[in-house]
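Shared between the two complexes below is chain A, which pairs with chain B and chain C, respectively.
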Partner chain A sequence: MNYELGQGLVNVLLLTGTLTLVAVGFSIVWGILNIINIAHGAFIMVGAYVTYWLFTLWGIDPFLSIPISMVLLFIVGYIVQRYLINYVIRAPLLVTFLITFALEIVIINLATVFWKGDFRSVTTAYSGAGFSIGEIQIPYVRLAAFVIALLLTGLLHVYMTYTKQGNAIRATGMDVDAARLQGVKIAHTYALTFALGTALAGAAGSLISVSFPISPTMGGLYTLRAFVICVLGGLGSIPAVIAGSLVFAFIEVFSGVYTPGLKEAIALLVMVLVLIVRPTGIAGKAFYH
Partner chain B sequence: MKILGLEKFFSGRKGWLWGLFGLFMLALAVLPLFASGFWLRTLTLIFLLAAMAEGWNYIGGYTGYAAFGNVAFFGIGAYGTALAMLRLHFSFFPALLVGVAAAMLFAIVIGLPVLRLKGHYFAIATVALATAVGEVADYWTDFTGGSAGLTLPFFDPIEYSGQFFYYISFLLVIFGLWLTYFVMKGKMGYSWVAVREDEDAAKMMGINTTWAKVSAFALSALMAGAAGAIYGYWNTFVLPEEVFKIDYTLQMILSTVLGGPGTILGPFIGAFLYYILITLLVFFFHVGAFHETILGVIIILVMVFTPQGLMDFLSGKKKLTLSSLLENIRTHKV
Partner chain C sequence: MLEIKNLNVGYGEVQVLWDIDMEVKEGEVVALVGSNGAGKTTLLYTISGLLHPMSGSIRFNGQEIAGLPSEEIVDLGITQVPQGRKLFAGMTVKENILMGAYHRKDKKQIQKDYEFVLELFPRMAERLSQPAGSLSGGEQQMCAVARGLMAAPKLLMIDELSLGLAPIIVENIYEAVSEVIKRGTTVLIVEQDVMLALEQADRAYVLDVGHMRMSGPAKEMMDNPVIKEAYLGL
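Here is the complex of A and B:
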């Protein structure tokens, strides 16, 4: 087998895992609350820094800090939705869009002031280690990140499908008024949904910090990627997010191989083309299955 | 005060507002005779922001399309002017026209497909395009100078530089106000508002909605492009991460929303209020490092309490009470 192609395909798979985790929280917030959370990438950045500081200050293993950053960002997300966005959630699009945009610049600004703007990385004893199949290299940390990302996505799917709260969230996404009549507490459910989104962003940030350098401005790119993935896959379901991530990872890895430096522009171009051909996205559904 | 029939004009708060506004403009027009460098500089920046906000108001306020990439026009205006001056050896005013034309052309070419999108999709597509244009300016080193930027000649004679850029920005603001007034009393203005209120109904009534949206987008590019052209020459330096900064988009949207989207004076008033507020905060509390945090907090407060802007209060349409500030929350909370 062609070595470059094989390595490329492995990279696509590994990237798909991370991207799925990056996009799935963004997707449920968009699907259920109809909010484009521009601050999603900023929450990913905070998650990455939680892992970084826990590792640097107390030597806590980055994979063990995932639950910590998830809980922390869950709390932050719950408060933001319950005590800010819930108050204006039925206002025109511009209002919620601008508020999350404002949150993003506030978080990035504070992170830059307190943590400095330079790139940092989490370098553990096993960071460089990996194994190889033939000539194809697979780093352990990226494989672990892949497995954990898919595990968390699977857990989310189970939660949304088989628990009462998960069903309440889906019901709210389908029809708010009907859900309210069934006794669902809407304000709480909205806050819970947003908090799930930020918690997943936190987990994504923790996983990203073990394989890539982090900085306060790293998030914007992930917000854009999450959006492109949602457009590519459609807004309907978790499998759609995985499909979107796979397509996106494919474009990014293979355009990266042949035209380095322009892969972001190519991904954006693909998104704009998809949007123009299908202005409501590929699936175009506003609720979760 | 029964002279010149002005009493009718000045009856009611709107008349007084216009009268006050006239006096204010007169004061601004003679200010450079008295004021020093710092105030000229601050006011020039406010004028450029006000001009961009007036432009954003066409697409975001009157036409109702949440454009989040208008900084692209600002940057293209700056780069177009800089390149015309450096490569074609144009003097500033023809170069400014080149920059503005480039920004408007971009708005039309991009607007035709992108303005078919709605809501979130349109908003993100414009963010993405602005980011992409900035990256192209950064990568296309042969043409744009890349991340090293472009250096422009100084304004000559340099001792009048402050006054020159003050007055030209001031003229741009006045031109923007006139353009708003002129467009909004004509057919084009009505077609914009019709698109905002109900695009499908507007189409059924025979309005060419594509033309309405593209014209609003192109005219907002005109204002932002001209502001960028002036800014680039004033700064004598054009840098991708400076002229494509997303903060400018946010500032022009905030100015418009703070003053009152879809009003003639709103963006102008909003730009002044925002800029004075942030200058005072940075100047007296030494919080320069937290500039963006302050911007963000102001945006959040405005969006929660007065998303329709302050124009309604100034013109007396609404009374400024606690209850009216909480109206947005009352109607839009869960």
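Here is the complex of A and C:
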């Protein structure tokens, strides 16, 4: 088999896992709360720093810090939604959009003040290690990140489909008044949904920190990617996020090989084409299953 | 059971209901009728806590509930089958029906009620894993009533059950409702179809552009010349 193609396809697969985790939290918040969370990438950045500091200061393995990162960002997300965004949740999309935009700037500024603007990386003993199948290289950390990303996405699916709270979240996304008539506490459900989104962002940040350098401004690129993935795949279901991530990873990897420097432009161009041909995204609009 | 006094409700500056007085006694079936835009749905939304009144009182079993959040009102035992069904379209029939029991914790009784509503609407039992959005209008209404019953309400309010449905299906669903009434649930029926509502009810209220115009036993209302002319087209 052609080496470049084989390695490329493996990279697409590995990247799809990480991108799915990057986008799935963004997608729930958009689909259920109708908020385009510009601060999503900033939460990813915070997750990456949680892992970085736990590793650097106390030597905690980056993969073990994922739950810590998730819990911390869950709490932050719950508070942000309950005591800030909930007050304007009924306002037009632009208002919540602006609030999350402001939030992003605040988080990045604070990170720059406390942690400096330098690039940092999490380098463990096993960071460079990997194995190969024929000529195709697979780094252990990328493979582990892939498996964990899929595991967390699967858990989210189980939570949304089979638990009472998960069903309440989906019901709220479909018809908020009908959900209230069943006794769903809306303020709490909104906060829970946003907190799930930020917790998943935290996990994504932790996973990213083991493979890529991190800095306070790293998040913007991930917000953009999450946005494009949601438009590509369609809003409101996990399969849609996976489909969008797969297409995005394909474009990113192969345009990186053949037309380096143009990969973002090509991804956005494909997004525009999808919007014209199929405005509901590849998988269409659904509500969290 | 439910006592409403001097209730005023509006959306922002626009008042929709003026000085509403109404009562539903335990075990009764009460009809609330009136033409389109009279404020019937607004009144139900206010009772359910989706809207907060400008002034006035709503008492349920002696407790003031005007202005309480909707989840507390559901907990007290008031459930609504809303106008337009308002099903969770992307969820399955089973998930929709079980959402009705969302506020309950008595698992064993929930299971019994679940079996009961599926007996009541055998068609729902055949469609459990279908998305609710793919059901026909009549089936959607059955699903909505089934969801409402899963809340084990003391007071069940049904808003415009007949709207847009074939008479045979409406009759079918009302038969199921009368099964529920027999079991002692108090029911408030809201209908545009006045004759249909009066046939089901013990007593009735007539709401007319935000004002309560008339009330009395349903049988008498059917013979009332004003009602006959205004609503029954006789």
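Here, the second predicted complex is superposed on the first by the 277 of 289 C-alpha atoms of A that agree within 3 Å, B and C clash if a C-alpha of one lies under 4 Å from a C-alpha of the other, contacts with A are read in each partner's own complex, and residues count from 1 in each chain.
Just so it is clear, a residue touches a chain if its C-beta (ideal position, glycine included) is under 8 Å from a C-beta of that chain, and two chains touch if they have at least 3 such contacts.
These numbers come from a predicted model, not from an experiment.
After superposition on the shared chain, chain A has more residues touched by B, the comparison being chain B against chain C. Shared-chain residue A:N167: touches chain C; no touch with chain B. In the superposition on chain A, contact of A:V71 is made with neither chain B nor chain C. Once chain A of one complex is fitted onto chain A of the other, the partner contacts of A:D175 are limited to chain C, with no touch recorded for chain B. In the superposed model, A:V184 makes contact with chain C only, not with chain B.
In the overlay built on the shared chain, the residue A:L84 is in contact with chain B alone; chain C does not reach it. Touching chain C in their complex are the following residues of chain A: 164, 167-168, 170-171, 174-175, 177-185, 236, 286-289. On the side of chain C, the complex with chain A involves touching residues 48-50, 69-71, 74-75, 79-80, 82, 86-91, 95, 98-100, 102-103, 147, 151. Within the complex formed with chain A, the residues of chain B that make contact are 60, 66, 68, 113-114, 116-121, 123-125, 127-129, 131-132, 135-136, 139, 247, 250, 253-254, 257, 289-293, 295-297, 299-300, 303-304, 307, 328-329, 331-334.
Partner chain B is touched in their complex by these residues of chain A: 30, 36, 84, 86-95, 97-99, 101-106, 108-110, 113, 186-187, 190, 224, 227, 231, 261-262, 264-265, 268-269, 271-272, 275-276, 279-281.
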